[in-house]
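Data first, discussion second: the structure below is written as structure tokens.
Here the chain labels run A, B, C and D in written order, and each chain numbers its own residues starting at 1.
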Amino acid sequence: MKHKGRNVYMISGGVTKFAKATPDMDFRLRVKKAFDYATNDINLELKDIDGSVASYFSDHFQRQLMSGIMVQDYLGLTPKPSKRVEGGGATGGLAFQTGFEEVASGRMDVCAVYGFETMSHVNTWKGNEFIALASDTNFDYPVGGFYTGYYAMMAMRHMHEFGTTVEQLAKVSIKNHGNALHNPYAQSPMKLTVEDVRNSPMVSYPLTRLDVCTMSDGAAVAILASEEKAFELCDKPVLVKSIGTGTDTMRLSDRPFQKVPLLPNEKESDYKNLKYPGVHSFRAGRTAAKEAYEAAGITDPLNEIDLVELHDAYTSSEIQTYEDLGLCKYGEGGSFIEEGKSELNGKVPVNPSGGLLASGHPVGATGIMQAVFMFWQLQHSVKKHFKNDALQVKNAKRGLIHSHAGTGTYVTVSIMEAVK
Amino acid sequence: MKHKGRNVYMISGGVTKFAKATPDMDFRLRVKKAFDYATNDINLELKDIDGSVASYFSDHFQRQLMSGIMVQDYLGLTPKPSKRVEGGGATGGLAFQTGFEEVASGRMDVCAVYGFETMSHVNTWKGNEFIALASDTNFDYPVGGFYTGYYAMMAMRHMHEFGTTVEQLAKVSIKNHGNALHNPYAQSPMKLTVEDVRNSPMVSYPLTRLDVCTMSDGAAVAILASEEKAFELCDKPVLVKSIGTGTDTMRLSDRPFQKVPLLPNEKESDYKNLKYPGVHSFRAGRTAAKEAYEAAGITDPLNEIDLVELHDAYTSSEIQTYEDLGLCKYGEGGSFIEEGKSELNGKVPVNPSGGLLASGHPVGATGIMQAVFMFWQLQHSVKKHFKNDALQVKNAKRGLIHSHAGTGTYVTVSIMEAVK
Amino acid sequence: MTLDYDAKMPETQEGTEVYNTDPLVVKSHYDIDYIHSYAQDSEFFRALGKKKLLGSKCKKCGYTYATPRGHCMMCGSETEWHELPQVGKVHTFTTCYFGSEKFLSETPFNLIMVEFEGVDSLFMARLIGADQEDIHIGMKVRARFKRNLQFSPTDVYFVPARE
Amino acid sequence: MTLDYDAKMPETQEGTEVYNTDPLVVKSHYDIDYIHSYAQDSEFFRALGKKKLLGSKCKKCGYTYATPRGHCMMCGSETEWHELPQVGKVHTFTTCYFGSEKFLSETPFNLIMVEFEGVDSLFMARLIGADQEDIHIGMKVRARFKRNLQFSPTDVYFVPARE
């Protein structure tokens, strides 16, 4: 950040249980449930809210354009200011950051960020087609448009460059589905073995069904506030310390082969022969992390971050993201999971909630769901909200949330900190 | 605004000539043309730009999801931060305001806001269907979804409440198409009479073809900057003094009947028997104006604003908007145009560019096009950019731009001021 | 398979409709079959089959909507179903001579907003049995229902009613 | 027309497919025919008919793209067309066993990213003539072209080439 705006805090959150299909509720009612949970948790009234940001990915999935205003309307937030923010899979993270800016810029004291997606509107393969329409419709979609295929090619190159193995990918699936056993909001809690993952149906080599997240209906709400309002309205606000965003080319084909943008704990000689990002790494992820770390004064991420909720739509992207975030060097992501560093009781728990793989991925809600779970972790209120504290990270003081769009076109990183 | 963020300036702009169909260029190239115009005008380099905001309305019109990233990519702005902002017809205004917040919050020193829409992808009636998908697809679209129909019902009620006439509507069309005769970027410059307007084919009673804007291909770019950067990079920056946004219910049916939210120059007794907004007025427009006026310290809009570029997708909505903005009282919009107050040489020129009616309405570009035309007005550089100064408003010192989504669901108002 | 160096995609006669060659302009088709739930609004559509028009009434503040709304926008509370009168007045109207592609074949058609006695908000519908010049604001109208439902809000429509 | 108090919408047998009644779940269909221009990229598609693969080369900085790009993302300058070699190497690959609805009937199929000597970026395409277990990164491949164009990037595809 060039100059510092006002401090921004998260003061409450709510999430619906993500599920394959919840036809009893439309998107408006789903958001209302998450919103009521968030407002009830701190006795927030409608009049306390200055405006909102709507987060959803796809007009196609929604079968409704301008869905955002229908939620604004349903929540009783008209005629207050609002807008929709979108950026594929990173929509939730971008909307959260837009809410941050509404407050940091001094425009709003309290901003509600609400995210949702109705993916049960079509069958899974049509849903994959909708998602593929978010790849270049002239050059990539017609060749066999399928995002799992694109990520599989990235994973293959990562394995080629760095020796990452399919067993290491499987370990991410085991960890995240396992963590979700204790998350009552999660869609797919499962106790798995490497064999389970590798023997599940192959989707796009080397990624199996259990390497890939599913489609979901769901909603999530985060309430952000200025410092003054945060401490007035909430007993235990959590500071949103900094935000960062990166982008990359739509076509994987157009990704450049250059030098790695270094974090403070890295040196040029670490990556002498690495052409970057190629198709093995997410330059947008690294760019987002750099912006967020610089603004938060983080120079040694592995030791300065206590836990991470990151965008694991694919097991391979969790491993790639360890590296983008500088939790380990490029090439070390496979051993990072293998050595258990990202386990619940590891050096830095990654996706203690179960991540997208196990919690579900209703696109516009996902990045906000991460913020809510992180908020509860940093409030040390997981027990209250999950009705058990198995997933409460004991030393949780500073967390990182990470949202990501198709093949890394948009990536956001936000840093949150406990202050009480 | 609750607290003031950093000052934000507009430092350059560019627009493509709006046209019914420009199949030689895709949306990326169209934005590039507008972007190059803007950057060349002040010799801005890519490295000077910290990030961007993408503005487009419809995945359906684009035939491409996540179009924003393809523009980011084409302009050479990867891996810098970006996001897409959307809110129907108000998309451009919302994106402009989001760019404002990127700078006001201290996150960016220079932010490029780029807008575009490809409406020639389908025939006009299919285009109207796409737009109608942005009305409630359960309750409004199936009844005969057609936005001109919705606006026509609002116009009929305005005529009923206030005695507004179809001749007054026609005068808006005459003024705006006439102004456009001097705007080389405009799609439909025309010299018209009341008879021309009334005798053109009836679209939805009482609105004829010439009461309604057309569909367009186009792009527009606005470059925003912090105070320090603005004066470093540009000889004549224009201050974006304040922003305001309002919203209203998606369904016209759900609009309430309450009291008018008053501007400082109005009193409750002005509107003793008026149920507000009903379907005759745009509560979101009034809300946006109030927020922007309060932040800019404007208490007497008619005398404190020198010119206006407002969202005249329909002649009736221009008249309704005079009232929402407090240029006259509710009910006086018809006589406001009749008395020539909004003419080029009137009290407060409204849509000197020709507005949407005559300039065209490539949705995501429109609100940004208004910012660009206003920027040139306040720079007193219309002659340079239009190659003639017929439309230069002589005393242009403070201007208002206004963007608006279907039946007033989202409305934005931004105030811009000359500082040199 | 071992490698086939001479593999060849089969030629087909599936062509593309081309509208221009320079620039190259092609026809591209897309279609979708949605599985669409009316969710908490389902009862509205089912009730049309019983010739009932359902709105919503806030359990807390009593605000009454002429449309289905699970929650009240005034106070945020839950609503309950509330049967609407079947006679109302034209609050405003238009006649559409053009329209969206889907409805072009039905033009001209009348759209009205209906106001009901004792109901705080309006209802949008088609009006038949009157031409543009016959319609006026304040005119009395009554609801009629289709026998064969399409589970669409057009299963109810309005006709002029005697004053 | 004078007012018709008994006007009645004609009943039709156009029904709605219903998947459930509580909640009410219906089938809803939508389709679109686009008039789509390839705009500044048109020549790429036309050239496939002459069995040419066109990339782009920046007139200013010389960066060479294996895809059509009217402007260079490195320096913002205009590019010119640049004929690509028709033999390259597999930079990475996958085999899709599932996919989007549109391509389900074609599964399993191979996707590859091709790297060309002297070209700075990659090209995505289908590979035929090899099964998943036959493909490896670095493998030589060559372009083949369809005779009957569909004006789609699949008018070119790749097959294994002898080393």
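Quick note on the criterion: a residue touches a chain if its C-beta (ideal position, glycine included) is under 8 Å from a C-beta of that chain, and two chains touch if they have at least 3 such contacts.
All figures in this text were calculated on a predicted structure; none of them were measured in a lab.
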Those chains that touch chain D and also touch chain A are B, C
So the centre of each chain is just the mean of its C-alpha atoms; given that, what is the distance between chain B and chain C in Å? 28
Euclidean distance of C-alpha centroids - chain B vs chain D, Å: 36
Length of the line joining the C-alpha centres of chain A and chain B, rounded to whole Å: 34
Where does chain D touch two or more other chains at once, residue-wise? 20, 23, 25, 28, 30, 32-41, 69, 73-74, 152
Specify, in ascending order, the residues of chain B that touch 2 or more different other chains. 23-24, 60, 63, 73, 78, 123, 126, 249, 251, 254
Which of line, ring, star, complete or other matches the graph of chains that touch? complete
Touching chain C in the complex, chain A uses residues 23-26, 28-29, 32, 36, 46, 60, 63, 73-76, 78, 120-123, 126
In the complex, go through chain D and note every residue touching chain A. 20, 23, 25, 28, 30, 38, 41, 65-69, 73-74, 91-104, 106, 109, 111-113, 120-126, 132, 137, 152-154
Can you tell me which positions in chain D touch chain C when the two form their complex? 1-9, 11-16, 18-40, 42, 45-46, 128-131, 134, 144, 146-152, 157, 159-162
Report the residues of chain C in contact with chain A in the complex, numbered from low to high. 32-41, 69-76
Quick check: in the complex, which residue numbers of chain A touch chain D? 23-24, 63, 123, 125-126, 128-129, 132, 138-140, 142-146, 148-150, 152-154, 156-157, 160, 201-206, 249, 251-257, 279
